[in-house]
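Below, each structure is written out as structure tokens.
Next, two complexes with chain A in common: one pairs it with chain B, the other with chain C.
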Partner chain A sequence: MSNIEKDEHTGVETTGHEWDGIKELNNPAPRWWLGVLIITIIWAIGYSVIYPSWPTLSGDGERGGTVGSIGWTQYDELADSQVEIFERRAQYLSRFESASFEDVQADPGLYAFALAGGASAFKDNCATCHGTGGTGAPGYPNLLDDDWLWGGTIEDIHQTIRFGVRADHDETRFSEMPAFADIYSSEEIADIADYALSFSTGGSYPVRGKELYDEQCALCHADNGTGDRFQGAPNLADAIWFYGGSKAELVAQIRRPKHGMMPNWDSRLDANTLRQLAIFVHSLGGGETE
Partner chain B sequence: MFNSHKAVEKNSILMLIFVVITISIGGIIEIVPLFRMETTIEPVKGVRPYTPLELAGYNVYLREGCYGCHSQQVRPLRDEVERYGHYSLAAESMYDHPFQWGSKRTGPDLARLGGKYSDDWHVAHMIKPQSLVPESIMPGYAHLVNKGVKLEDIADHMIALRMVGVPYTDEQIENAYADALAQAANDSDGLDGLMSRYNKVNARNFDGQSTTTEMDALVAYLQVLGTLADLQDYKHDGTQRSGR
Partner chain C sequence: MSDTAAPIKFFEKRERAYPKRIWGKYRKLKWVAMIVTLSIYYLAPFLRWDRGLHAPDQAILIDMPARRAYFFFIEIWPQEVYYLTGLLVLAAVALFFVTSLAGRVWCGYTCPQTVWTDLFVWVERIVQGDRAKRMRLAKGPWSLEKLWKFAVTHMLWIIIGMLTGGAWVFYFNDAPTLLEQIIHFDVPWSVGGWILALTFSTYLMAGFAREQVCMYMCPYSRFQSAMFDKDTLIIGYDEDRGEPRGKHKKGDSWDGRGDCVDCTLCVQVCPVGIDIRDGLQMECIACGLCVDACNEIMDKVERPRGLIRYDTTHNVEARLTGQPVSSHVLRPRTFWYISIMTIVGAVMLYGLLNRSPSELHVLHDRNPLYVTLSDGTIRNGYDIRILNKTHDDMIFSLSVSGLEGAEIRVQAAGDPEADSLLVYADSVGHYRVFVTAPKPSSGRSDVTFTARTTDGTIVETYSGLFLSAGR
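And now, the complex of A and B:
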């Protein structure tokens, strides 16, 4: 059967197999290839000694496996990689932590540090609702203008970010407009909407609209429609509408108001990040000093 | 020596024995770690099986193939921890069958999504993502708002999960249907019962509609992601493991 012969052209032996007159040279695998194979095997043995790899039945060592001679873990590597960035931040953080918002604004280095940290945290956490550039979306406030629901000083913004609005937190900002569909007829509500629109448009309105407004709405939204930040009651006179400024949208909002909700970030972000965010949002355009 | 394989190739019984030995080695190396699975789960408190409504939401998540674009695994790398929060622990997905770690991030990781955004945001975003995030390429899932969530068989799902090790109690399975409805309503009568059976429950009308829809279930599921484990109490005991 086997009929190994020497090929006359190359001097290499054949495998001894023959298929329809076709024979195969028995060339060995290239040396470099064999060398790499052997090196990888040796590498694997060394690796499995140095790094955690083998499962053990005893349960000793890390999570029921060998620990590895250098004791490497991904968690330690994470901690090591964080050390470097923490150190770089520390030179600012040590001062930032103890500085008041006024101090930070007065110190260009600290202020730049706060803005950079705030901008980065904003993209990760806030941009999803308030927009990448802070322009907001229907139902989610624009942060670039000077129309603030709960106040536009850094302290106000900080409190809103920290505890949220109608959030799951004892200190959260909270207010709730009643559903006037339960109190008034559709005609009465339409009159109120006309009057509320007249603050910004200067248009005409039925007298009944003003009467009902003064009776029910003025307590929070003020006689002249300028709102009340203490209660988060929006300014109705500035032509900026949270849920749309058409009469139909106003009527819908008076009948059964939608209430926005902002999560509290106190439990998710650390104190310094919250302060950086407040400073960043304040800087976006509409920040107030007093 | 290099021609000795001829002996094996010509003897089928010998060949069979060597094949069995070779495959056994690979098999043992794959199987033995599975018997040691419990040692890979961190001793972190707070993780509970999903409530029936969350489980229904998990089923919607699976059906819609969310895992195709969203992972649920914050890896222990600096930039990920910086962006998403604490890295994921094995314990946090121990009741997922199948787990939703994923391997592709077209969208962001969702492992720490719970509580990050409001219910209204989730509903509006699911209906048309671009209405809130103009640059998003996520497709809309508006149909979830119009479809009642399938709860008739949710108890059966829980029984099946119990067979693979999720510790649902008889009481939880008996009350599955009622618990699901109670969780999707504001101040339901069944709320006390639900909260006695599960800790850290978000119970409210998630999508604002009077019916219990797939949107309710999905948002309930998304709002619980990554919130169960008591991570502030968790410390990686690097000293013991690394010998430092």
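And now, the complex of A and C:
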């Protein structure tokens, strides 16, 4: 470009590019802006040397990528930032470890600590079946109500969580209802269902239903249908049904009973977490004292 | 009008102002304003105010970690930040009011930008000398003298900046404690960061940016012209009296010429570097230094003062036509400003005088909305928060009404009864509460929660819901 053309209106050089008579003016970015750009480039080079920056195909360590000259990693940063948290938690944990359930319930600080830990562990481990709100689903007990299959004191709840229900553990809670489809006809089972429903509804029932119930079911579910927590036999006389409260659902359960399973959490969670979980579940509203 | 199309200038290089020293009525007023405002700024955090054992004794304190703000007898919790809104509304309208009466006197005398710039110019003058010396020094080549004078100036600026930032942090911490920490360089990085940031911004704004802040950054200086009218006091050059201007030798006749001797002293003293004789300009901050300058000259040439003066457009016109001058303080504009200030002030005062010493908040559980119990009754869960803004521990009795057969139970450590909930002084009591009732006919019942102190002096209510249907 020997002769630089200047725009007649502004006096600014043109780049020589022209589209339909519109000429591009050469207004370069300000010098300071260019300076900042260059500084950022230099900064980036220095940064990539000092900090882990470049991914590598076969990682140097297990995490891959360049290490950086000062050896800084986010993992160390995280660990450092957690030291204080763990130290603070340790003070509570040591007190919590040696405290009985009653002690914890009487101490606002420990109780809040247990509830916070329990709520967190509940969401991680229990919410999958029992729901984030603890309301359960058909076949998965609602933990908020006052109807407990195996007892609602903190100790009962603790034992259930620790050893599970029908789990692979010697101490596990275990109950099994026979499949009455092998013993009785469909009509007989329907009569039993009518009688079982009458505990809560007060409706009429055939005499045969009561006779068969007294003979086969009362041993576990009790004469008046109130169940037996020692054997894990559900209360049939209340407003809450585990596998559904319609007659069809009742008949299905009597014919071929479904049996839920809860793992023994002592194999996966530590003792403190188990105790925190028991306190948390007990606090949800249905917890019993004795 | 111009005959040749001059190239459009996209960037105008700033002409730095070197305000000349002047003495007079308005300069005196400016010194007083500076001493008063800076004294308030630097000393206010050290004022004490006894609030008893459970609260800090600093009169003005914004306690960020504890989420409290204190202003003498006023204590504000975060949710009461609307008092701050009221204060800002008041400040804004007060500014409008003053501007409509007397122009940009806020800008000229009390704005921090003006006060600190003034202070920095003073430092500059002490070290480098008055206007002519400073200009010569700035234009001249680098020499040992220039070097040390500039170095001292900038060092003093930075020290003032540090004091500015140093005082700022006192409003957010216990001032005497923090002062000791600062002296020992033992401050948290948050405090140090603020001091540094304000040091830098003060140095930048008052040392370098100066009037450019008012011209390009400050929104107020731009929209204030909307508050001007013919009865607003502005600084004006009396063109009628002054023109035609010209040099005047002692003994010359004043006939057939104006009073302006074209000494340009009004331009030399101007901190924003304008010529007031060109008329009212956007840059003018109404500081009145040109008035002082002109009066001094008028005294010397033995002409009446007031060639440049504070006056209203109305009165300038009245004088020209020989009509009596008058001041219209109460005009529709000022009337409205006063009304707004009165209303906002009254609302705030009412709010402060009737500020509740406590609050009750009830949050209904969302998951689940309700629980059916084995006997068929319905239970709802709530998170209850009782705010105790007093400086004494208080016992509250919580009850629920509006629901047949409702029973209330508190789920908390130590199994407290609902009628004896302890809420510590100056804190929030947080309780889990269960309300159980026979299933109501409606799936959604309105209930009222009431928290009252045992002596019945405080009663707080909250309208809540009891749900028994729907998901």
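Side notes on the structure shown:
Please note the rule applied: the second predicted complex is superposed on the first by the 214 of 290 C-alpha atoms of A that agree within 3 Å, B and C clash if a C-alpha of one lies under 4 Å from a C-alpha of the other, contacts with A are read in each partner's own complex, and residues count from 1 in each chain.
Simple rule for what comes next: a contact is a pair of C-beta atoms (placed from the backbone, for glycine too) under 8 Å apart; a residue touches a chain by one contact, two chains touch by 3 or more.
Please read all numbers here as calculations on a predicted model, not as lab measurements.
Residue contacts after overlaying the shared chain place A:132 against chain B and chain C alike. When both complexes are overlaid on chain A, the residue A:168 reaches chain B alone and has no touch with chain C. Once chain A of one complex is fitted onto chain A of the other, the partner contacts of A:140 are limited to chain B, with no touch recorded for chain C. Looking at the shared chain after the overlay, A:81 reaches chain B, while chain C stays out of its contact range. Ranking chain B and chain C by residues of chain A touched puts B first. Common to the chain B-facing and chain C-facing surfaces of chain A are residues 131-132. Contact residues on chain B toward chain A in their complex (touch as defined above): 6, 32-33, 36, 39-40, 76-78, 81, 83, 85, 87, 115-121, 124, 131-135, 236, 238, 240-244. Contact residues on chain A toward chain C in their complex (touch as defined above): 9-11, 105-108, 110-112, 131-133, 135, 142, 144-147, 235, 238-240, 283, 285-286. The residues of chain A lying in touch with chain B in their complex are 2, 55-57, 59, 61-65, 67, 71-79, 81-82, 85, 124-125, 127-129, 131-132, 137-140, 168, 258, 260-263, 267-268. Residues of chain C touching chain A in their complex: 5, 7-8, 365, 367-368, 371-376, 379, 381, 411-415, 432, 434.
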